[in-house]
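Take a look at these structures.
Shared between the two complexes below is subunit A, which has subunit B as its partner in the first and subunit C in the second.
For the complex of A and B:
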């Protein structure tokens, strides 16, 4: 009898579909997410005594494959860091050290920033990295035709102009003071491209961006890996790198392994020397057997944005009730273990400068309070399933989320716990996983399309509040305001904080903003977005995560037996 | 797909008449068939009235009891949220079976329309439908399904449509071949010679005879459709959590495969047991309908 099914050969089309999805994302990357960081235990001074060897290939398994190598998504910054140098680098929580800029000064009115550039630096295509090249990059990022959405989100409203004073002096003029400027510049989105490469078509830049960094892209095999080769003339490492010369290894094989169990297996079987994002179930073993680098990403943590323009969350009592109904701390500990931490503050992650710790317990688990608030809000009767009703309508909210992209498997476990906890107070939650195509396609991101959505925005500065919570207005839309919460007072407070120089006054203003967001329950804090590396120390040494947003750094790394 | 029908060969008991009598009884009982029937009954009850087989709720969480191995308290263990896996497998039967039956029903409907039209019409219509089927054939089922889910999002309906359309061309070809064979057969020619109308011939002779093999293929197809749907869910393209649909259980369990094997093995066994049982019954049905003896 003939089988009604034909045998399948699925790999090529899968890859093509992924590429199609990737293409769709490209447009959106402009608004996706920025990033930044501070480290909890990464150390650049790992093997002070051991002498690095030369040669060999680093085998690295990363998780997410971005649609292009450079761009405005944190996943792009991770990988493009291997190719680019930036003006400055960050150490710890907000300390800025020289990189391409050896010195900088700012005018009294805080509007003119002058950077002295390292002389004699060349891009890997031979272009000189001089002040003209830096200016070409700023012009390119902010040109409406080639805009980098993340760069624009940070400095778009502040940037006035830039000029090359001479070959090694670059000047940036702002419209109003912006104190987080240097922190923002230390992120990979501000990596410097060669001016010639910026004239190439977008699809060429997407695959092979050209920088002055420690590695050069040889080939990107979509769906598999990016092959990097060493830049043999590298002479422009940041001050906080141990190795100031070219990389020790010959090659870096950056693979994309999306499945957590497979990625972990590739480390334990010796196929890779280092992997990204240790699965929560494997943390104990990772800590016992491998070197673990954990980085708690600053910025907006993973929080649940509540759509305040639409029932049921247009009622602040319902928003607060949901926050009280969820035992988020227990749920996060169960789902993530050590892979991420509970973050109750809905505005900033605990590793962000100016984070306000007093908001951590603003809504401690209290089902009685939740029930009382829902009763007050008029959701006082219950249907046969135990779900609260008002005027015959059940109390129900849809949470949609980017499954496997924004929310990983552990995050999905967490959402199911929260869903069940909400049910205990008669609040029905429906979970709706979205594919990347749907998530970034746009039709699912309007004020009418969802009730709540989890998300993050990595950033090394509290200035991210302005990016996320600036009002979403007709003439000035803000797609990052996923709660659709428009509050002129909040926007003013954050704007003042961004332009203030006095640290105490700035802290007070940023705290006021965080408190406002928490008091309004416009979002509910869930967990820290966390980057981790597990490194096989018997094979590989001196890999670290940098501090602006946890980009892996391989220019110091060397193989024990190359 | 292989069959679970037991084959008894070699090593059969030879000494003594008692053994031989017992042997022939076993042969008539066909324990494989009985077992398949019981398994099927279990899952049909699970799908219809799951509370008969499991007392708890499939979504009740117990964070302190997460990832417990199978025990008397939790027959199949618990998952990462402390939910009882046995309860979830039982409650997952409804959605899994619905997807399997729905996909098969859809593909059969499409196939009957296309296959019968092509077989009866012949000529240009036949050629057009055939080319169309060949185009559909050139897309492997899984890829067609992936495309569907990517565009329309993951849900039970998408899975039914994706698998249904994906498997339809195979059935359509089968039906077309049968219709042509019956159409050109002696008895149809005889009916025509007796002056029966075209509609009557199609209704009384062509359709019933052409559909007969389909009954078997469709029975086998249900099991296969469930496997396809589970495959999609395993890739994260299935129904939304916290549904205990079997493929979704597999998908959720795969990250724990080294630390909590039961999360992957138990739902897998449910899928295998169901698919094998349906296949076994399908083979038996085939043997009965073809009038031959079962292998």
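For the complex of A and C:
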């Protein structure tokens, strides 16, 4: 779920919800998805009144093309959602609703989860979606030969075994309690493949995986589009879908249009009815002319990890000083406008369940405090350039970042602003852009290779804290701990939070963990990763983004004039 | 690779004459051997450069499969290293690679999991269509402009050569976006993205053709004007030949020789330009495949595409040689 190359989002339930039912329910759910913003210029309620039509093709301009349909990258979650069903779906901030699993229960010791499956569901190749099929998927995801790294990041440490009790009863055994399990399962990475298709050679699985979802892959014209056709017998929609039957449209044309100007132009000229990722310069027009669905990515927000194992950030005073020295709120507003929000909490984004809002202003811009802290830390003299020094060495940190991938053009503007601000307190920041090869190659990701690095991790649960902040130990490495901050107490707190089902106790523990990360200034919160759709409502209605990853859902959508 | 290609190019007529005197079978053999040599050099060069660049290939593969950018543990890397043979010595890996090549197996893409030959065969169509349409368009534009304006009064001539100077320097990205905004988004004469038919080809081909036309036009015009001063042109006019006839039949024939030579080189330039055009107009094609493969260090795919480009170069230069003889029959007679 890590989503380095692309944004994601979360909440746009408004359209669906309104349609789904009465005002009471709507009010309830809206409260539930509070933090994750969804904006729609047109009232969604008229969709409820309008009657869906059948037929036609949805023309959708997406941005990035994944190497294979399914996998562990957010781009793969997006596209997987069209083809696969999952066990459960998530609504708003953490409410779980039935999908393939109609009911579930967990044993007292929280080690055995039992799922009742919807009977009679078939994959599009004819295989039955039964308990054996679900088990085959878990086996596949965690087999070292075919491992899905994102699935493993969530449940690898917890998973013990699984078995088919009978055709419609699936049982999961865990090694230790894991309360975020259902949230994790709601993500597209956990989409269920037909058992026969899992035995196909890798090249076939890559381009033509088989699911039971609302669409079937007809053809992938690499470099251009994936052509989906509707699954005419679809009968296994999640409870939160408005349309419980087969998709209204005949086809879905999912195109890859990387260039922002081209993508936007394809919407304004009517070539496409819906596009992904509104370019930041076009936000105003998008809001005025189109329906905008904005998804504020839950999970780890875009944060600056500070490498606590080497100077200068091995000194907590220097870490705090940098946080105080940066007017992050103003800088984020300047750089992004509507395209992202400031997120001061360095541990969780504001759309995540169990997010602690009290940490939002833990380090409000205060250059005096920054100067005082740096003086205390011994960086009290300055060189000719106005940079602080200690023992003759200048106070300098290298921030490396994935240019054009983790950090887009707006993000780079932000970093440059922060660089200027740091200079005001005599802190020299060097910005080092990394190419994709450098970024993915690992040689720039070691404890000695950088001082600070921005990054994020899209996740529908605070359980992501365990992925990001678990210690990085010799026998149990964790490369996702990009601050290299090893804190047994923190790991224990998060582990306890992940193992309790009591909501209040869980909130207290997750808050404690977030506070610890913030107090230690092991990372500095920057902004929420945001993704968006712009939809031409004169042509297309009822597209929404589900809430685990911001996966676009097209099975409810219908064309005004098919 | 580029040296070999340059050697193939029949630029100085003396060398061309010399080569033409070689006996035909020997000539063919030399050609084939040098073509194979170019391909081998391209494959080897790409293989080693991609293999020794910093950054661990197994880490790249795992990180890209999961969208993460972290350091990986030995336990995670082991299965990948084993599957792709990254633990073997470089020489062993190179041996496997060459053995595969000889058997016509370009390998399987690390990232896309597909055989490289499948990917290339899917993507080569749109790329060849784009580059050859652009080349043809560039020729049409440059010849029309030269014939119509060279030595046709100061104003026409300097406007046209000014156009050539300016367009030759236009960056593809800039030109592509301008054409897109004006003709596809504002005027809506053409599709914004993904047009597969003829209409969808116009703007992408023009984006590549316009700068190349400016470049070809410059060299053609210079030669064209020089030819118009030749005595045989004066004698043709004296025979009562029309001005257009003189220009097309006599002057043009001489003037296009340098442009033909350059076209072999231009194909390569068009290919790199195609990367940008594919991005702007959201077209399929080898350009984007190559860029993605190179940033992923997907060695089999990068090598496959590079060898294909080398092959196109070799073939293009063979065609250039042949065209030379057609346009200037003296070369053929010398054989």
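One rule holds in what follows: the second predicted complex is superposed on the first by the 516 of 562 C-alpha atoms of A that agree within 3 Å, B and C clash if a C-alpha of one lies under 4 Å from a C-alpha of the other, contacts with A are read in each partner's own complex, and residues count from 1 in each chain.
Here is the rule we use: contacts are C-beta pairs under 8 Å (C-beta built on N, C-alpha and C of every residue); 3 or more make two chains touch, one makes a residue touch a chain.
For clarity, every value in this text was computed on a predicted model and none was experimentally measured.
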Quiz item: If you stack the two complexes on chain A, which partner ends up touching A:68: first (subunit B), second (subunit C), both, or neither?
Solution: second
Quiz item: Which of the two partners, first being subunit B and second being subunit C, lies in contact with A:271: first, second, both, or neither?
Solution: second
Self-check item: Comparison of subunit B and subunit C by subunit A residues contacted
Solution: C
Quiz item: Just subunit B (first), just subunit C (second), both, or neither: which does A:335 touch?
Solution: first
Exercise. Pick one for A:203: touches subunit B only (first), subunit C only (second), both, or neither.
Key: second
Exercise. Scan A:539 for contacts with subunit B and subunit C and give back first, second, both or neither.
Key: neither
Practice problem: Examine A:251 and indicate which partner it touches, taking first as subunit B and second as subunit C; both and neither are also allowed. | Solution: neither
Quiz item: Touching A:118 in the superposition: subunit B (first), subunit C (second), both, neither?
Solution: neither
Practice problem: Answer with first, second, both or neither: which of subunit B and subunit C does A:390 touch in the superposed model? | Solution: neither
Quiz item: Of the two partner chains, subunit B (first) and subunit C (second), which one does A:512 touch, if any: first, second, both, or neither?
Solution: neither
Quiz item: For subunit A, which residues lie in the overlap of the subunit B contacts and the subunit C contacts?
Solution: 1-5, 259, 261, 265, 435, 437-438
Quiz prompt | subunit A to subunit C touching residues, read off their complex | solution = 1-5, 61, 67-68, 71-75, 144-145, 148-150, 153, 202-203, 205-207, 221-225, 255-259, 261-263, 265-266, 268-269, 271-272, 402, 406, 435-443, 445-446, 455, 477, 479-480, 482
Quiz item: Which residues, counting only subunit B, touch subunit A once they are in their complex?
Solution: 59-61, 63, 66, 80-81, 107, 137, 139-143, 146-147, 149-151, 153-154, 167, 169-171, 173-174, 213, 216-217, 221, 224, 236-237, 240-242, 252, 254-260, 286
Quiz item: Any idea which subunit A residues touch subunit B in the complex?
Solution: 1-10, 13-14, 17, 20-21, 259-261, 264-265, 279, 281-282, 330-331, 334-335, 403-404, 409, 412-413, 415-417, 419-421, 423, 430-435, 437-438
Self-check item: Touch list for subunit C against partner subunit A, complex
Solution: 53-56, 59-60, 62-73, 79, 108, 111-115, 118-119, 122-123, 126, 177, 180-181, 184-185, 188, 191-194, 278-285, 288-289, 294-297
